[in-house]
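Each of the next two complexes has chain A plus one more chain, namely chain B in the first and chain C in the second.
Let's turn to the complex of A and B:
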């Protein structure tokens, strides 16, 4: 293997790939990066077995070959080097990095020890608008569960049906669902559960992909074709719970309120809330919302009243303040709509500027002490 | 190495989703589990004349990764020592696996051995920022499969396997898993996810939860023949054939035991300790026998006591053979022939022999129930001494 390239060119791609290298792993080879010198191209890959990343870019290759190099050492050496041309020369067992003032030699892992990465079959690729995908990701991943006893909820349910594509995430206390129309789906119908880790990496590359991201739905994995960079992730075993039955079809109470006023008040009031439950009380009647909390542990009480546009009987509900502020941060526009039924049913939250069918959030109330 | 049963099931597409391999340590449960992983994941399996798969190739990328125990879809829960954090647990597991990768028949029942292997692994992998050495442990700790490993395996099985590969999960020496951890795995064992085979191993299946036993297909690992063990020692460890035959006979059907004899120096120093203690059962004074027990038995190490009892069973078996007039060539511990002959004279009848064997077996069962080792061993000593005739 022998190739030359500039520090800045390698460094950019190396930083991308490093995002996937696990800080600790039971398999030592995962702390390494696979370098493959191909015809006029260099391909660098890393994986933590769940998410894999490969960056392929033009490079002056004088001898083809591959080597598995320790990510930490390579990254630190490249970072500390001044801008210069670097020449890599070596075999699969030892590689020398020649720089203007000297050289660095590193022992390699056997290339065969590196896990096989998924094959990319672009025939099955569909294209999605990058902005749409990033917005779907930003609006859902926050609601994924971290409780490992229900693994399906640790991921985002990504469904395609007809021309519609939707993503849903829930941890049982809150839910976010977003749908967009995409004429390029070619009528495909898939339901996959994607770990949030790979989805959260995509926005970092989205701008670099000419406005579209290629997606390949596999049986066991999903692949994102971002041009120079290919990201893939294994999927979470299903089935995903039937979330639709928890979305209330009809709510008889409706509150329209300023989003920034509400978010600010909830954040402030919650400072004095119970540190475990973060419970705040919403008392809504006569076009006014009173948010309050009491905390016997610190002897604290807080109360703020905001005006709102409310239709329906007065109601008193308890919410986890963090869940409410998380949701409000994802909703666009100046106002937000709450649709409510009673103190034990889920409240539906959405923006007046986006149809409810395209983006809604759900939050379960907390039971208020009598 | 794959057993014929598994090969036939594989060829008929009838592999079970959960297997329970049971039998004494060192009889190849680990080697067969790894062989099964290679068989189902081999890219170019060897076929016989009828076109059926006869074995894995051993050369493809998957086979080599499986042999080195670094295949991404090969997951393990093995007994390790206590640890400070997840990093340390991972490295102890890797140390254990490296010992097994060197020799799949190796019996690993000593904490310090695992800690040393883990530190060796840390030392050889400077690119992994793991920090300092794991502290050596002073006494031989009881090994357990920690609940974190059980949870980690559950987490991994929630993710779909790599395309085109089968996932193999090995719960090695499952009896060393706490019941609460085993309970947490019941659902996984009952209904493994698609493309997954679970292999549970145990010395005695009765030490496992009935629910685990009932949900798995059992395969018993019988003693390996002396000739196979001798051949193994000759080929793999360059042991001359006469000594190999002797060690094979002594290891009672366990390649792992034979390997222990070799690794443990000339004729196993622990076996000599075991024989010293065995002789103390026959001592004239109870007090001197008890003193030997207090000095030589580690009250914290269950596996050492289990091994000790295994040796005693083997010594007692030889006494029975000598008493029944079997020729010298028929006894296992041939190097101790003269001394065993002297001891055999001190036991009066065949009924006494079988009562003594019964005592040892009951003690073995009691050890699994976590009795106080020192008290148990002294009770055993007193129990056995009643059959010794001091003036034959």
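Let's turn to the complex of A and C:
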């Protein structure tokens, strides 16, 4: 294997591949990056067995071959080098990196030990608008569960039906659902549960301005074709719980309020809230919302009152402040709408500028002590 | 032993109560024919097991707690070996805790037959510390027909070490000066918490006696042994800042664990898993009994060549459920154990404990699996509370 390329060119791709290299792993080979010198191209890959990434880009290759190099050392050396041309020369057991002032030699892992990565069959590929996909990801992955006892909720449910594509995430206490129209789905009907790890990598590579992202739905995995970079991930086994039945069809109380005022007040008041429950109390009546909290542990009390548009019957609810601020950070526009029923039912939160069917969030209250 | 006034001026008065040869004394009390004879209590005599405790008569032959039963039998062939009556010990231990509760609100059960009591201020009710201790010993003798040895000191470390000084039926007051006189010339393993392995490591550094260790700079010990070195240095001078915690105020670092030396070294992974399940069930049951849940699950594995490793994982949510503890423990078990390395001992520990509290967060989508798990555990707990621990067990759990 022998090839030349500039530090800046390699560094960009290396950084992207590094995102998948696990920091700790029972399988030592996973802490490495597979380098494959092909005809005029260099291919670098990493995997944690759940998510795999491959970047393929033009490169002056003088001798084809492959090597598995320790990710941490290669990345650190490349990062510290000044901008220059680097020449890689070696066998599958040892590689030398020649730089203007010297050289670095590293022992390699046997290339055969590196896990096989999924093949990409572009015949089955559908294309989606990159901006749409990125916005769906940003609006949902935050609500995924981290509870190992409910594996299905650890992922995002991605459904395609007719011309509609939707993503849903919930941890059992709050939920985010986003839907967009996509004419290129060719009537495809798929329901898959995707780990958030792979989804959260996509926005870093997607060219949102004019790009499209190719997606291949496999039986056990999903592949994202981002041009130079191919990402793949195993899917989480279902079934996903029936989330539709928990979206309230009708809530009789409706509050419209400035999003930034509300987010600021919740953040401030919650500073004194209980560190386990993060409970803040919403008291809504006569066009005003009072957010308050008490915390016996620190002898603290906080209260702020904001004006809002609300004329229904007064209502008092408890919320986990983090759930509220997480959701507000995802809502576009200056105002936000809360649709409520009572202190023990799900509240629906959405933006007046986007139809509820396209993006809504649900949050369950905290039971208030009597 | 000095006069009782010596506790004057101590910032705290701590007792360590240690029952004398508890299991053996319990058996002798229940069967007076055993009195005066060497009695050993341990695991099932059919299988290899270790000595849990033995009477003072057996100790004269060199039999010690923790010794393999086969060795104990060689040392004392005429010993009467009893496999023990766990529920009886637990019942008696609970009664002991009740007696302790009459003397101080701050009682930290340390094992089934040991406890620390913080009696600072309480002794005034009885006149002197000595009166309190004598009265407590009398109560234990009267109600349980058992004797204990008590250490009286300004901290837990000294109290624990003092209680071992005048066994059986003893009472020892020990402050730092006494400690220096009594322990500085002894081997390092005389210090509480220094075992075989630490002793070897200390000896290598030229530290043979407790006094040698106290003479070394704490930074030097820290360099050799890390955080543990600092604690060792502190303890070797007779200092111990730790508090006595009653069960309600257990600090979060506390843990609950169970371990077992297997009847035969195991190489079959299924049997290893079923033992892990049995241990997980025991730990989970104890967690629920004391209304705790824990975040960190650890497994301890000792191979047939006596190498011991531990592996742990911290969960996102604390648990008191056997299945979650077991599934985590199973994943922590390194693959090479079983098929390539035989297993001699297994242990399961849950740490980072917190009080189980009613979570006010309402559910949008109920965690049905966890709910049914909790219901099932609750039903098992109720059956066990009523009919005993062994009346119901998990399919697949074995020992």
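Keep in mind that, in the parts below, the second predicted complex is superposed on the first by the 366 of 370 C-alpha atoms of A that agree within 3 Å, B and C clash if a C-alpha of one lies under 4 Å from a C-alpha of the other, contacts with A are read in each partner's own complex, and residues count from 1 in each chain.
The criterion applied here is as follows: a contact is a pair of C-beta atoms (placed from the backbone, for glycine too) under 8 Å apart; a residue touches a chain by one contact, two chains touch by 3 or more.
Keep in mind that what you see is a predicted model, and the values were worked out from it rather than measured.
Participant: Return fit or clash for chain B versus chain C, each positioned on chain A through the superposition.
Facilitator: clash
Participant: Look at A:235 in the shared chain and tell me whether it touches chain B only, chain C only, both, or neither; answer first, second, both or neither.
Facilitator: first
Participant: Identify the partner contact of A:219: answer first if only chain B is touched, second if only chain C is, both if each is, neither if none is.
Facilitator: A:219 contacts chain B only, not chain C.
Participant: Check whether A:286 is in contact with chain B, with chain C, with both or with neither, and answer first, second, both or neither.
Facilitator: Neither partner.
Participant: Would you check which partner chain A:173 touches, where first means chain B only, second means chain C only, and both and neither mean what they say?
Facilitator: The answer is second: A:173 touches chain C but not chain B.
Participant: Applying the document's definition of touch, where does A:70 land relative to chain B and chain C: first, second, both, or neither?
Facilitator: After superposing on A, A:70 lies in contact with chain B but is clear of chain C.
Participant: Is A:101 touching the first partner chain B, the second partner chain C, both, or neither of them?
Facilitator: So A:101 meets neither chain B nor chain C here.
Participant: After superposition on the shared chain, which partner residues are touched by A:148: those of chain B (first), chain C (second), both, or neither?
Facilitator: Both chain B and chain C are touched by A:148.
Participant: Which of these chain C stretches, 73-81, 91-99, 217-225 or 235-243, gets into chain B when the structures are overlaid?
Facilitator: 73-81
Participant: So which bits of chain A does chain B touch that chain C touches too?
Facilitator: 148
Participant: Okay, in this complex, where on chain A does chain B touch?
Facilitator: For chain A paired with chain B, touching residues are 24-29, 31-32, 49-50, 70-73, 112-113, 115-116, 118, 148, 151-152, 154, 195, 218-221, 234-237.
Participant: Which part of chain B faces chain A closely enough to touch in the complex?
Facilitator: Going through chain B, the ones touching chain A are 61, 64-65, 68, 70, 72, 86-87, 90, 93-94, 121, 125, 127-130, 151, 154-155, 157-163, 193-194.
Participant: Give every residue of chain C touching chain A within the complex, in rising order.
Facilitator: 315-317, 324, 357, 359-367, 369-370
Participant: Within the complex, which stretch of chain A touches chain C?
Facilitator: By the definition above, chain A touches chain C via 146-150, 153, 170, 172-175, 241, 243, 246, 276-277, 279, 318, 320, 344, 346, 362, 364-369.
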